[in-house]
Each structure stands twice: as structure tokens, then as C-alpha cells.
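Each of the two complexes below includes subunit A, the first together with subunit B, the second together with subunit C.
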Partner chain A sequence: MGRFILKRTAYGLITLFLIITATFFLISAAPGDPIAAKVEVMPERAQEVIRAKYGLDQPTYQRYFIYMKNLITTGDFGESVIYTGRSVNDIIRDNAPISAKIGIIALFFQITLGVLLGMIAALNRDKFSDHFIRVSVVLAICVPSFVFAALLQYFIGFKWGITPIFGWGSFKHYILPVAVYAIGGIASYAKFMRNSTLSVMNEDYVLTARAKGCRRARTVRKHIFRNSLIPIVTMTGPAIAGIFAGSFIIERLFSIPGLGQYYVKAVSDTDYTMVLGLTIFFAILYVIALILVDILYGVVDPRIKIAKGE
Partner chain B sequence: MKKIIAFLIIGVLLSGALIGCKSDTTIVDNGEESLEQGEIEMKIDKEQKFVFSDNSAVIGLNPLLNTTAPDNGLHDIILETLVRRVADEDGGTIMEPAVAERWDISQDGTVYTFFIRENALWHDGVPVTAHDFVYTYQQMANPKVGSTNAWLFDGIIVNFGEALYDKGKKPEDIGVRAIDDRRVEFTLVKPYSYFLDLLNGARPVRQDKFEEWGSEYGSSMNHVVMNGPFIIESWDQNVQMTLVKNEKYWDADNVKLDKVVRKVITEPQVAVQALLAGEIDVVRAREPEHKMLMEREGNRFRTIETIVRAPEFYGFNAQNKYFKNPKIRLAFSLGFDREKYVNDIIDGAAVPLYSLMPPVMSVGETLYTNMVKGENEIIKHLQKQYTDPKALLIEGLIEEGFDPDPSKMEVRLATRGTSEFSKRSSEWMLQQWRENLGVTIIIDMMEWNIMWDRVGEGDYDISTAGWGPYYNDPNGLLSIYHPEIGYFDSAKSGWVGPDADRFKELLELASNTPDLDERAQLYLDAEKLLVGTGIISPTYTRVDTTYVADYAKDYIFNTHASVDYRKIYISGKK
Partner chain C sequence: MAKERILEVENLTVAFKTYGGSVQAVRGTDFYLDKGETLAIVGESGCGKTVTAKAIMGLLPIDNTTIGNENSKIMFNGRNLIKLTEGELADLRGKEISMIFQDPMTSLNPTMRIGEQIAESVLIHNQISKEKAKEIAIKMLKLVQIPNPEERYKQYPFEFSGGMRQRVMIAIALACDPKILIADEPTTALDVTIQAQIMKLINELKKDLDTGVILVTHDLGVVAGAADRIIVMYAGKIVESGRTEDIFYNLKHPYTYALLQSVPKLTKDTSKKLYSLQGTPPDLIDPPKGCGFAPRCDFAMKICSIKTPEKTTFAEGHEAYCWLHHEKANTQGVPELILTRGESSGK
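Take a look at the complex of A and B:
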């Protein structure tokens, strides 16, 4: 187990290094530069003054070495070019928890409700509840989240005045964004859960259990449930990493100060320190999440052995 | 798909509005009456709080570095410079004393002396002095600081550009000096009559704190010193900022609001809902369906329409094989119907432009278009002269030795953005030029920064451009095509030769001419070269519609002067 984690961590570090390098050169090669928005209207020689100030007049490889040296020796993602005077670390520290709060709550509902609905549909195959859930799932997956957001904002927020229309601060502000965030996820988890439950139900060991006289409820609990969770575990890993990234659309529609807005704005501004810092942050989360998923596989399904090397 | 969804949302919004609209819609009132009533009664509510929203967050509080539109809008409230341009009720503007209680201008118009008022204080109680302004300008002239507005003073203040571009002068050498604590003197290169307008570009910082906080200056509300009528109480970057009345402000007695809240709402439809729900007090609506929603509310809101001073235009690359010929350029410039454009594409919320100057630009205190008796509507005159732009185009093609068949031309139009609007307006132009000139252009959809890059490299045929001038003088718009120092210099516009040289001469002549009528005439001559030879083709300038809650009184602004929050008061809010 220890060796497995060590090995995976080493791979993870190499992956990170490659991601940083690739991102750095890609963002440098992208058209436009971080000060374009600032200097848009300036005459050429005035632009040069600003470029020199942010070190953008130096060749790319040189900037790469400076950046890497800083990153490795201090762990500092550097100062944002756009948000002057603020380090990327600060921005992550201030805003990632907000995205994460919404994301974790939404993820909780996604998994619990999704798994529940998926099971119900599968166990009642071709009955009304199955059809109802399947149609709802298709609808929830197809309708984009901004449409849900607009509808909920209009009816629940504006017409009925139950929740605020937008903004951030109190408990009530969570309701609409979490609902919009969760709805698509609930649907996809339900869809996967239904399919995997159905396939597990046809496995020999389930038939054996039933033939032995094992009661239906017990078969479901002991034999079907755990085994059908594999696809859900696979999906959960990236989802956990994703909650910190937030959902740009939801944050925008509800004016939530999460990290998603910063990320998208950083890319469109080519604010390279921000893009790099955030990419590294997400990459680290992703690598950790994947290692966790590998460990979880073993827990859910003991047939999957993680410690092959041992 | 997008369209269907948009309709769906609109449909939902409208149906809701119909239900929400009760039978009291008989009152037809444009809001002005109720304004008068409010003024007669002059009842002031107990709670003096005004809430507005912006579609983007304030980036930072360092006035030297953070100069995006949301930044400027906020700095206008928390930082005060020497003078302040305010809108009056008739749509004009006046220059009011601010930190400076008065100012003298030398006979030749090149030396400005400002007298700083005794009771001007920073919010921590330290007096605002002449040295603060000297320090601010010196920092701006320092290339290491990288101030984004610094270039505005290049060629205006003596030695400023020389220091900024490290050409033998130091920031200490610039023509800004403190005579004593209360008097600051600016020495200009030329008698620029719009100099007072430029002062807004340099909001003050204070030496002790600027040095103490270094790069952190302005990164949070605890790292800035303020001297405006309001100061920041709390700031949650992408959510809201709360400002409270600055009790140390020199004119605090005349500031009526206790609190100003600035919310961030990115989606226009959410902002409209927020206004209807009473969560904010003002909204700028652009979409016709949003305007309709507001109009249905009758006298709950006042409507303010303002012509924006930022013209939109197409720029032709005069180095292009076709567009080096003025006849071909002009044919394109004359070959579309501007009235129709405004109606089809902008739902009438714009003024078509036949001149580069929006009708709100002035020379001195008089409107430019009045001074030149409408002669600036060059496109209109040319359209009368050349009734068949296609014939003009063919003439040009023959002159350049091309196939006279316009359909064989290959011309690319670079868009400024990839939004639905960019797409629709470009396709509209394609249609018009096909009908009127027989040319089928190729539309290159691209993001705005990529378009500017292409323009920078001269790699374009026609570019989609727009410009908001920094001050209310035709020079603010004409100078962008200055062949040497303009944003669209010769390298970008491809404009060289006798016309370009003459254009430069005219601008320089105008800047040395104190007589306003003469100056207006020189601007007209310059415009005749720029627009009259089709280097650019002005299209339109927007008309903004703002809806203000009726209880928010004295909310006054126009395109030259932003809202003066000192004057607003709340009266009759339920």
C-alpha cells in the first residue's frame, strides 16, 4: 500500500511538471498578452514601458526559468498581472473555499439522490417509476444549466421571493446555485447507477444468491449495491477535483465570488501567472483525487487489487 | 438553439411581467413629473442608501495601475483630484472645484496653478497637499511604476514623455511642482484647452503609504488612502462593495447619502430582475425586451437616455492592394445605409454617424457640429455627390489595374469579438456591400485582442473598431489617427503620403490655436481628410438607456461626466 502511494506520487509529480511546462508554453504562444486589456488603447512606446515592468519583454524561455525557480524554491505562484498587488496564492485561498462549499453540497446531493434514483429505476425496470426517472434524467441532462438558473431565479427568486435572486452571504444564497449545480449531476449519476445496477443484477453471483433463497432486500444490499458503485467511484474522483474549480456559468449567473470566474477571466486575459497558478492547483487536486479513487476501488470491489507490486 | 433558449427566457420574463402588472397601469408618466413633485416636497428619507450594480468587479484600488472602466468608476467616488467635471441638468457639463478651490491659467494658456483647499483631508485625517499631486505625477512619469494612464500626459506636461520613455529626463524634471503646501503648478508644452479634463486620469496617491505598502498598494481596502466623498467599508471582490460617507471629506455637509452599495451582477437579465425586485436602484438596459419590461412599470422608474461619445467605425488598411485607392475605400464607406444599420442591428438604440464626431462632442463649451454648421456630416455630403458607389468602386478598380468586376474582389473583414452581435452586424455588412457594391466580403470572426494584434501587425483589410476619447474635444478622436503618435499610426492604418502629412499638420496647428472657431474649422479640415478619403468609415454611436428608481433623486450624468454620488438623495422609498 505504502509503496503504491509512493509510486503514484512520483508519477503525479512528473505529470505536474509536464502540465506546468506545457501550460506555460501554450499560454505564451497564445495570441494576445496579459496587458493587452490594459494597453489596448496606448501608443506603441507606452505599451513597451508597461511590458518591461511585467518582464514581458524577455524571451519566453527566460521567463520560464524564472517562473520555475520561484515556484520550486518558494512555492509561490507569483503575482497576478491583472489583479495588481495580489498573489495567485491569495486569490486561491480567498475564493476556492467558496466554490468548494457549493460544490461539496451539490456533490453530496448528486451522489445520494443520483444513486438512489438510479437504484429505484433499475429495480423497477419498465415500470412507471423507471420511465418517469428516465425521462426526467434525459431532460435534466439536455437542458443547459443556465436555463434552469434563469427559471429558478425568475420564479423562486423574483416572483415568489423565497430566495435572493443573486449574491452571496447568507444560507439562503446557497439554495438556488446548489440546486442548479446539482441537477445535472443527479441526472448523470442516476443514469450510470441505473445501467450498472442492471448489469450487476444479471451477474451469476446475484442469480446464485437469489437461487439460494436470499431475500430480495438482502441481495440488493449485500450483492448488488456495492458492486454497482464502481462507475460512481470513477466519476467521483474528478468531480471532487472539479468542485474547487467551481462552475463558471453558475458563479456568473448568481454573482458568486468563486474561483471559476477568476479562472475563465484569467484565460481570456492571458494573465499567465493566474492561469499557471490555478492550473497547477487544479492539477494537484486532480492527481490526488485519482490516487484516492484507485484506493477506493479496492474498498468497493475487493476483486480489484491495488497492490499488484507487492 | 441559442436563439430558441433566448426566446424561452424572454417569453418567461414577459409572461411574468404581464401577470405581475396589476390594473394600475393607467398612470402614464415618464417620470419627470414625479421628479418635480419630489423636489418641491424635498422630503428626505431616513435611510439614505443607494444601491447600484456593475457587470464586472473592481480589479484594484491603485489608481496608477488599475484603470479598467469599473476601476475608474469606483476611483471617481473614493479619490478626488484637483477639479471635477459634473453633468448639469441640461445635458451639458461644468468644471467644478474639487480638491483645488480655484485655479489660475497663465495668459498664454501653458501654466496652470491650482490652489488646494485648507480643509482637504485624506480619510485618515492627514491634509491633502500640493506635494501629494507632485508625487503622483512623478510616479506616473516613472517607467518602473508602469502607470497605465501615464501616456496621456506625454507631450502635454513639460518633460513628462521624456521621463517616461527615459529620454534624458528624470521624473523629478517634469513640469509639475509644488510652490508651497497649498499651491501646485503645471507647465504644459502647448495651451491645451482640454487639460482640465485630463486631470481625472491621475487620481492621487500619498507618498508615505505608497512607499510603505509597495506593490500591495490598492490590493485591498486596508491598503489605500482615500480622499473622496465616500470611503470603502467592506469589499468582497466579485460580490459587492459597501461605501460609507467620508466624514473627513471637505464638503461632507452637502453629501446626502450615508451609504452607497456597488453590487456585481454579470447578467443583464438578472440586473433587470433585481431592479424590479427593489434590490438595486438603477440599471442600464440594452436589450429591447428588458426595456419593454421596464416601460411596463410606469412611473416606478425614470428613464435617462444618453448619447455615448464613443464612435464605432470601420478602418481600412491603406496598405492593402485595394484600399490604397481612395475611391475604393470611399465606395465601401458610402455603400451602406447607416439608418437601416441602426434599426436592424441595434434596435434603434444608437445614432447613425456621418462624421467621426458623435453629436455630443464640443470645442470649448459649444457643440462641434453647431460650430461647423453641420459641415462635419461628410458622409452625407459625399453620398449626395456619389449616388452610385458601385460606379466609384469600379473606377477605382480600373485605376489600380484590377478586373473591373467587383465580385472578383477578395476582401476580409476582421470582427472585434465572436459574439452574436459581431456575427450579426458583420453579416449585415456583407449583405449591404453585396447589394450596393457587388462585393462579397469574407468575414473573419476573431476575439477583440486578436483583432488588435492583427491591426498592430497591419495584417487586415477592414477592421471593426471603436474609440472612447479621454476628453471632450474632437482632438481626442482625431488624434488616434495621428500618423506618428496615434493608436492607429501609419504602421497600423497604412496611411502615408501628403494627406496623412497634412492631417498631422492640421492637428498640430489646431492644438496651437487658442481661438475656438478657428480650431473647430481646423478639426473639420482634418476630418475631411480622414473620413472624406475613406481612411475610416464611421458607423454609429450608442444611445444608452438607464432606468432609475423614482425615489432616487438627482441621479444625473451624461457621456462626459459620470454620476455625482454626492448629489443623490432618497425620497419616498416604500
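Take a look at the complex of A and C:
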């Protein structure tokens, strides 16, 4: 186990290095200029001062070495070009937990409800509940989240006044964004779980279970459930990383000060340090999430032996 | 020797609804099984062997399957299994009637420990503690000759070879000491050397536990050493049945003849090509009116494809369904073996 984590961490570091390098040169090569984006008219002299402050007057490769040196020695992502005076690390520290809170709650409902609905649909194949769940799943996947957001805001928030329409602060502020965030995920998990359960139900070992006298409930609980979860584990990896990134659309619609908004804005502003810093942050989360998923695989499926470092 | 009859099947029919129509997979079979006896059901793929076996177990898909008509019976312990509910059948399965399957590689739950899969069968059917079930499971592993049963109990199926897994399947099937063991092609997916071991194990355990065995197979080599009686099936019907020696040495049906001709023999002249039966079994969505084998039969007459042949009895329990045994039959060119009457000479 220890060896496995060590090995995967080493690979993860190589992946991160490649991502940082690629992102750095790509964003430098991108057209546009953060200073120009910030203020349309600015005296030549002032621009030069600002450029010098961020080191933008130096050649790209030199900036790369400086950036890497700072990053490795101090873990500093640098100061935002747009949000003057705030470092990228501060912005992550202040805003990532907000995205994460919504994301974790939403992910919990996505997995539990999705798996449950998928199982119900599969076990009642071609009956009413199956058709109902399948139609709802297609709807939930096809209709964009901002439509759901608008509907919920109008009815639950405005018409019935159960929750605030937007904003951030109290427990009630969580309800709508979490619901909108979860709905698509519930549908995807339900769809995958249904397919996976149906294929497991046709496996020979399910017939063996029936042949030894297992009744339906026991067959489902002991022989079908765990085996159908295996493909679901694959899906959760990127989802775990995604929860910190938040959803730009949802954060925007509900005016939530999460990280998703900053990320999208940083790209349109060509805010070099922000884009780089946030990309690295998300990449680290991804790498960790994927290692976690591999460990989780071993828990669900004994055939995958992590203990031996394979 | 008076034998106790443990299973009696009468006029069993099975039909599957498909988009193309209703497939008449089994079209009225009658047979029985005595205590401690091995009955082999042979025939090529798609002739209804496995469906017959699964019908006895009640393991066919419920939704689009019709099992039996008003005259059909599967009598076991004074009960007609066709009439039982799913719950009543579940209580019988694994306890009174067990089944092992063709492919041991896929027949065990990959995420459950071997021992627990055996113990589960014991736990379902008996009011005993988990510790006691574990003890029985280890005893069963020992019985099917798996070394280090205590260690092996904790392992998962992927840590077992194919032959070992089939032994585990046998252990699961026999854990509750059933009266009938249905073995559906138990050796088909195994290496030839392992096949013999598994058949030997089934035979030994059958004798020790006095279990009746229904052996479903297309491999006549497997049957020869193991079966007491044989049923030959074709296109959903029994074409010939009798004691093993009758079927091998005194066969009475051209299909049985063709099956035996296509078995390679060590003593045979190797310069000649091995006999191969041409064609495929008929489509059972629209089953033939006459004898199902008629289109492929070398000795077919006009009547064969018009009318289903009657039963002809040759010796005690040796029966065949073929028009060749009618007194008006044209028997020119038919091997003498098929035509002769009387007891088996091979005995």
C-alpha cells in the first residue's frame, strides 16, 4: 500500500510538472495582455512600471525559471494581476472551501440517489418505474443546469419563498445551488448504475446464487450490488476533483463567491498568475483524486491488488 | 433391486417468447431419475438439454417463458415443481436439488470469498450459526479435495484455477446434501486432464452421498464412464433412451448412430476422415411436423417429415422414436445394428 502511494505520487509529480510547463507557455503565447485588459487607457510609463513589477518585461523562458523556483521553494503562486494585492494562494484559501462545501454535499446526493435510482430502474426493467426513471434521466442530462436554476429560483425562491433566490451565508442558501448541481450528476450515476446492474444481473454467478437458493432480495444485496458498483467508482475520481473547482454557471447564477467564477474570469482577463495558479491547484486535486479512486477500487474489487504494489 | 424414484418428468414443454415468435425449446419429454443413479442427457447444442435441466430447477427467466401445459408434471417428493411459487422453489434449490454450470470461470461471485459462497448455501437452508456454517464449508472444501481448506476459505475466485473453481461449485451444490445434482456440461470448459478428475470427483461423491445425478452434456466420452442411463435429445424431443450399454452397443435411432460415429476412436483407421453430421438442427419457432431429424437423416423416408414417429420399446427401458422400426419401413442400406431387435449384446 505504502509503495503504491509512493509510486503513484512520483508519477503524479511528473504529470504536474508537465501540466505547469505546458500551461505556462500556452498562456504566454496567447494573444492579449492583462495590463491592457485592466485599463483601456494608461500612460506608456505607467504600463512599463507595472510590467516590470510582474516581470513581464523579461523573456518568457526567464519568467518560467523564476516562476518554477518560487513555486518549488515557497509554494507561492504569485500575486494576481487583476486583483491587485491579493495572492492566488489567498484567493484559493478564501474561495475554494465555498465551492467545496456545495460540491461535497451535491456529490453525496449524486452518488447515493443516482445509485439507488439506477438499481430501482434495473431491477424493475421495462416496468413503469424503469420507464419513469429513464425518461427523467434523459431530461435531467439534456436540460442545461441554468434552466433548472431559473425554474427553481422562480418557484421555490420567488413564488413560494421557501429559500433565498440567490446569495451566500445561511444554511438555506445551500438548498437551491446544491439541488441544481446534483440533478445532472444524479441522472448520470443513475444511468450508469442501471446499465451496470443490468449487465451484472446476466452474469453466471447470479444464476449460481439463485441455484443455491438465494431469494431475490438476498441475490441483489449479496451478489449484484457490489459488483455493479465497480464502474461507478471510475466515475467518482474526476467528480471528487471537480467539487473544488465548483461550477461557474451555478456560482454565477446564485452569486456564490466560489472558485469557479474566478477561474473563468481569470482566463478572459489573461490573468497569468491566476490561470496558472488555479490550473496547478486543480491538477493537484485531480492527481490525488485518481490515487484515491485506485485505492477505492481495491476495496470494492478484490481482484485489484494494491497491497502488492501492482 | 427396487429403486426409489426421486424425480418424474411427464410431458415437459418449454416455450420462449421472442420477437420472431414462440420458440418451442422443449416439446414434450418424459423421463425419470432413481435415487443414486446417473442419468445423462445428450445431444448437440440447441436441442433442449440445458433448458430441460433449468426447467427442473425453476431457473428459466420468468417473464417470457411458458413451462408445461395442463398435462405437464415435474414430480419431486410428491410435489409438482411446475406449480410451485418462486419462493417455494428457492427453498428447494440448493437444498434438495442443486445445479452446477458449464463455465466455472464466470459462475462464482468475483467479489465474495470462496468460503462464504459455500457457507451461504448452508446458511440459507439451515438455522445454524455462522461459525457452524463456516465449519461445514471447510469440510466441503476438504471433501472436494482442495488442499489447505482453511487458507482457501478466505480467498477469492480469481485465486483459483478453472478446475479448482469447478470443485468449489460442486462443494456449493453438495453443501446441503441434496437428493439431485444437475450437472450442466460440467467439464466442457475444462482441460481434458481436468475433465477426468472432475468427473471422477462427481462419481465418487455421488456414491458417498447417494445423490441422483442428471448429467447434461454433448460429450459422449464423458457419458460412457459415468452414466447409468442415457437420454438422447434432438430438436426438443427425446429420440432414444436406455441403459448406457444399450445406447452405446445396441442403439436404435439414426441420430444416436450419427452422434457415436462422430466420436474419434483410438482404434479406428486414421486414414479415413472422421464422420461428420451435415446440417444444423431445425428452427424451433416453427417446429417440424414429423421427426425433427428427418432432413439430416441418411435413411429418411416419406413418412418421416409428415408424421411424428411412435415409440418402439426394445428392452426394459430402452425406447426409440423412429419410423425405421415400423413393419412397413424401407430398411435398405440401414446398418444392421439399428434394425436388430432384442437385448443389448454388449453386456
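We adopt the following convention: the second predicted complex is superposed on the first by the 297 of 310 C-alpha atoms of A that agree within 3 Å, B and C clash if a C-alpha of one lies under 4 Å from a C-alpha of the other, contacts with A are read in each partner's own complex, and residues count from 1 in each chain.
Criterion: contacts are C-beta pairs under 8 Å (C-beta built on N, C-alpha and C of every residue); 3 or more make two chains touch, one makes a residue touch a chain.
The structure displayed is predicted, hence computed values, not measured ones.
Peer 1: Applying the document's definition of touch, where does A:203 land relative to subunit B and subunit C: first, second, both, or neither?
Peer 2: Second partner only.
Peer 1: Regarding the shared-chain residue A:75, is it in contact with subunit B (first), subunit C (second), both, or neither?
Peer 2: In the superposition, A:75 touches no partner, neither subunit B nor subunit C.
Peer 1: By residue count, which of the two partners contacts subunit A more extensively, subunit B or subunit C?
Peer 2: When the residues of subunit A touched by each partner are counted, B comes out ahead.
Peer 1: Looking at the overlay, what does A:59 touch: subunit B (first), subunit C (second), both, or neither?
Peer 2: A:59 sits against neither subunit B nor subunit C.
Peer 1: Just checking: does A:2 make contact with subunit B only, subunit C only, both, or neither of them? Give me first, second, both or neither.
Peer 2: The answer is neither, since A:2 touches no partner chain.
Peer 1: Does the superposition put A:86 against subunit B (first), subunit C (second), both, or neither?
Peer 2: First partner only.
Peer 1: Of the two partner chains, subunit B (first) and subunit C (second), which one does A:302 touch, if any: first, second, both, or neither?
Peer 2: second
Peer 1: Considering each complex separately, which residues of subunit A are in contact with subunit B in the first and with subunit C in the second?
Peer 2: none
Peer 1: Using the touch rule from the top, collect the residues of subunit A that touch subunit C in their complex.
Peer 2: 203-205, 207-216, 218, 222-223, 226-227, 300-303
Peer 1: Please name which positions on subunit A make contact with subunit B in the complex.
Peer 2: My answer: residues 31-32, 36-46, 49-50, 52-54, 79, 82-86, 94-95, 144, 146-147, 150-151, 153-154, 157-159, 161, 164-169, 251-253, 255-258, 261, 268, 270.
Peer 1: Spell out the residues on subunit C that touch subunit A in their complex, using ranges where they run on.
Peer 2: Answer in residue numbers: 57, 59, 86-87, 90-95, 98-99, 101, 103, 106-112, 120-121, 124-125, 156, 158, 169, 172-173.
Peer 1: Any idea which subunit B residues touch subunit A in the complex?
Peer 2: Against subunit A, the touching part of subunit B is residues 5, 8-9, 12-13, 16, 20, 59-60, 62, 65-68, 143-146, 148, 150-151, 154, 164-165, 215-219, 223, 236-240, 263-267, 269-270, 273-274, 276-277, 279, 447, 449-450, 452-453, 467, 485-487, 489, 491.
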